[in-house]
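You will see two complexes here that share subunit A, one where it goes with subunit B and one where it goes with subunit C.
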Partner chain A sequence: MAKNDTLKTASVLAFERKLDPSDALLYASSWEKREDEQQWQPVAVREKSVRGTISNRLKAKDQDPAKLDAAIENPNLQTVDVATLPHNADTLVARFSLRVLAGAGTPSACNNAEYQAKLEQAVAEYKQAQGFGELAHRYANNLANGRFLWRNRMGAEQVEVSIRQLAQGKAIKEWTFDALSLSLRAFEDTAELKELASVIAKALAGELHLLLEVVAYVRMGRGQEVFPSQELILDPEQKKKKGKTLYHVSDIAGIHSQKLGNAIRTIDTWYPNENDEDLGPIAVEPYGSVTTQGKAYRQPKQKADFYSLLDNWMIKDQVPSKEDQHFVMATLIRGGVFGEAG
Partner chain B sequence: MDHYIDIRLRPDPDFPEPMLMGALYNKLHRALFDLEANGIGVSFPLCKHGVRARTLGVHLRLHSTQASLEQLMASNWLAGMRDHVSVSDVLVVPNHAKHINVARKQFNTGSLSRAKRYAKRHDISEEAARQIYAKVAEKRIELPFVQINSRSTHQRFALFIEHRKPQEEPVAGTFNHYGLSNNATVPCF
Partner chain C sequence: MSEVKNLLVLPRLRVQNANAISSPMTWGFPAMSAFVGLMHALERKLFSAGINVSLSSIGIICHDFDAQTTEGGYIRGFHLTRNPVDKTGGTAAIVEEGRVHLDITLVFSIETAAAESEHSNMAHQINDIVAGMRIAGGSVVPNRSVPSHQQRPQWVVLDDKEEERAKQFARLKRRWLPGFALTLRDDYLSGHHQTLQQQNPEASLLDAWLDLSRLNHHCSMENEGQPNEKPAWQVQRPYRGWLVPIPVGYGAISDLFNPGEVANARDEKTRFRFVESLYSIGEWVSPHRMKQPEDLLWYVDNDEEADLYRLNNDYHLRATAQ
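Let's turn to the complex of A and B:
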């Protein structure tokens, strides 16, 4: 293929996210009556004050012995938020909706027509050769296996995920999954998953309008602690007042839509893994960053990050491997502002 | 105590090790409680002591007889954790093993309720009792711990775990629903 010397990356280049979850709201129910929505009670966030000794692991900079003594002399007085199931309910119900939008790979803003044409051609070729089947299959797995429940999944005895396809406010199709029987590390291929994946693939390709309602029933035991999203408090004064603030929407505990989105797009198994770490999939991020580990698995040095792959593809006509094409497309579906800084 | 099972946490980008170990240990407690097991012990071969780095590590070892371990594993207690751990078969303890006692250790952390009780018992003002207990609260604890929800009392508390010195001879005894014992030993190797 001829080398393209004139094409430049657009300075304005943005993509809307194509998987658009709402916040999840948390309710309590009993396992036997879980499907009776009338019986759900909202899970409330409440405050409690605790006085503990210093028990957290100290940061490296606090390890100076003099400072350590000072820290330990301050008894650890804390007010924190907690959320638990009430004592008459053993099941957590988490409900959210997910819109799947058409036009994956079409920028919402792009100031370079030539670049946009090139991009659309590449996306069309990807659609032709691969289709959205593989990505949809992985997204479907992450809905069915309840990964979006985060810590709530771990403590569970049973998890059932029910996914309804809505049209004009009515369910026209419903799938039910036993989430704990599905792996978080491998993507599985049951008949029901195939069906769900195929509607997601169709929606991404623009052949279908898709709105899903996802309801997860998590049996954890009466009175057990549940884990809504934690709010990031930046104001140091407020931070002093409370050690942990949990997210809630009009007095119902909730999980942030960002957190749901992150779990659903945890499909990247194509990142370079030199030490052969047994890590499983990571969330699709331009640099493959995993915040809990403070590590980026797709380093620009190795040319494995989104920007290197996209530029090579668009500007230098170096078509990435099939796996990296999946990753690039998944990043475009994730959305973001990818223009080159002036 | 002649058999064991090794459970190791697999690295996970989303969850730090202490949280995973906490979830695993809570599940174990729930299973031991439901089975009313009193013959299953635990040890944490990779746990770390010291104020600065105390953690139970990534390795939980279950000790018991072959039959009890098989009964425990048949109860599917790991549901929900399966993807986060790798589990060995039921294995035979090697001959050279020593024996170690793994116990819960409770600390007086100078809590308000303790101070209140002290005040009542010694007939002094609550304020005075609180001052006495303020010193106690400064104490630093070097043992690794895990946050546990008790199955029987529904209390949430920090369970501090002490691995005592290995000894030549085993001591028989019962284990509580946390797999801990004040006197009985588990093999150490």
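Let's turn to the complex of A and C:
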């Protein structure tokens, strides 16, 4: 194809997310009777007030012993939200649904018809050459290995993930995985995972409507603390009242859908890696950003970020490497507003 | 508005993270324009899926409302999302987003040339397509709070006979309880405006709108002139019912530009105009108070000569006639 000098990035360019999880709701159950839904009890979020101590790092001028004693005498009172399993249940049940939508690569808003046509052509070429198999395989892994449980997965004795394919409200297929036997570092390839990946790939390609119900059973011990999502509250007045607010939906503790989405799309192993260390997959983000590390792995300087790759592909006709194509497609599936400010 | 012949009911949709900031001045339930927008988008989607129907009006019944805000106190704050770090590794700016979880029933007036035997099948297909769409920016997720037989889409062909029609509607209404439907009360706004003008001739419609949007407390003396005289505070409510300020559409604040004339517009095929929100008063009415399906249906009622792009609902016409 001839080099296209006239094509410009659309100033309005937005994509809807194609992997659409619901919030996960948390229930408590006992491991032996985990599959009996009638026995599940909702995990409630309750408040507790604690008398804390001053333990933050002190500035040099405050390190004078007299001052420190004075500070320690002042109790650090705080009210926080907490959620635990009840004392008669040892298993956390987290349940959510995941809708996989077709039309990856079709923008929901784009004000440049030529650009859109180019984009659709590139996506069609990708579909033909690579298909959604690789991405679907990785998404399937992240469902099966229970990564979406985040801190609830750590220190768990046993984790079982059961995934059902729903149609008209009924399960038509079911897969069960032992989540702890699957690695968080690598993507594995078992027969069951292949099956799950193939339905996800079909749904992404638009060959089928897909709604998955994911239920994770986490054996963590009676009365153990569980970790629903924390709410971000900016209002300083409200913040003073309570140090931590946990998420709940009609009095059942929950994990935000955004957080589940982030775990499911933690598939990016293609980012540039200076020392060739094995850092494991990171979430698909335009700049490869990892919040917990405060670091962006795909720097625009190295031309490894989404925008550089997309612009090179669309405008300069430099087709990125296979790995980077996967990354660009995964970002389009993630969705977002990618237009260029005019 | 012509009499509605067919109704398509999509019951008890659970919508997650819908937009709760309905306009620059109101928050809470998503703006009605979001649902009318859904109707247009749905019609186009159905057309490309080979289902030829026309949708002309839409009604909403809300069964559950769970705004993502802080609880307690007079001042509410939205629960926001912490976004991934930016390219330098610093925290990304927080864009305020109001989110709400909804449990709603959508009612469309629908017309089609297809045979009646296909209706039920079409209703299921439409339900599937809606499940993959955004409603007011929120996702449709499976609803666990009601049994699945109550979530089946329904296509109702309304009878021509008045009596039979009333019976059909009564059956529908029962299924919509408990819930509240949003209706338009333009009449309250203009009525209250007149009341205010009697005291203060300069009172504007905005004063009337604000006055209806809040609770006014006023003080009066109980047992005046007697030994047990005491002041009493009362809430002043000029009208009964659950009134809310709502946006009802857009008014033009610029000329109408040709496609592509304005830089960075959303698309280059549609004419473009800058607008601002129009406001009115809405009332949440329990469906059992409604006399006919038209009471809860909203439709587009643009007045292009007056440069108004607005939505309308006819509930108040009948409510005042009673």
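Keep in mind that, in the parts below, the second predicted complex is superposed on the first by the 319 of 342 C-alpha atoms of A that agree within 3 Å, B and C clash if a C-alpha of one lies under 4 Å from a C-alpha of the other, contacts with A are read in each partner's own complex, and residues count from 1 in each chain.
Definition applied: contacts are C-beta pairs under 8 Å (C-beta built on N, C-alpha and C of every residue); 3 or more make two chains touch, one makes a residue touch a chain.
On a predicted model such as this, the values are computed, not experimentally measured, just so you know.
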item: Clash or fit, subunit B versus subunit C on superposed subunit A; value: fit
item: Touching partner for A:N111 - first (subunit B), second (subunit C), both, neither; value: second
item: Partner chain in contact with A:D235 - subunit B first, subunit C second, else both or neither; value: second
item: Subunit A as apex of subunit B and subunit C, Cα-centre angle in degrees (nearest 10); value: 130
item: First (subunit B), second (subunit C), both or neither touched by A:G294; value: second
item: Which of subunit B and subunit C A:L211 touches, first, second, both or neither; value: second
item: First (subunit B), second (subunit C), both or neither touched by A:R153; value: first
item: Which superposed partner A:E285 touches (first subunit B, second subunit C, both, neither); value: second
item: After fitting on chain A: smallest Cα gap, subunit B-subunit C, Å; value: 11
item: Touching both subunit C and subunit B, counted on subunit A across the two superposed complexes; value: 283, 290
item: Of all residues in subunit A, those that touch subunit B in their complex; value: 51-55, 57-58, 63, 68, 72-73, 75, 87, 150-151, 153-159, 180, 183-185, 221, 223-225, 266, 277-280, 282-283, 290, 292-293
item: List of subunit C residues in touch with subunit A within their complex; value: 16-17, 64, 66, 68, 70, 72-73, 75, 77-82, 84-90, 94, 96, 101, 128, 131-132, 134, 139-142, 145, 148, 151, 263-269
item: Residues of subunit B defined as touching subunit A within the complex; value: 10-16, 19-20, 23, 26-27, 30, 51-55, 79-84, 107, 109-112, 134, 137-141, 145, 149, 154, 156, 158
item: Complex contacts: residues of subunit A adjacent to subunit C; value: 11-12, 16, 20, 22-23, 97, 99, 101-102, 109-113, 166, 169, 209, 211, 213, 231-235, 237-238, 241, 245, 247, 249-250, 256-258, 262, 283, 285, 287, 289-291, 294-296, 299-300, 305, 342
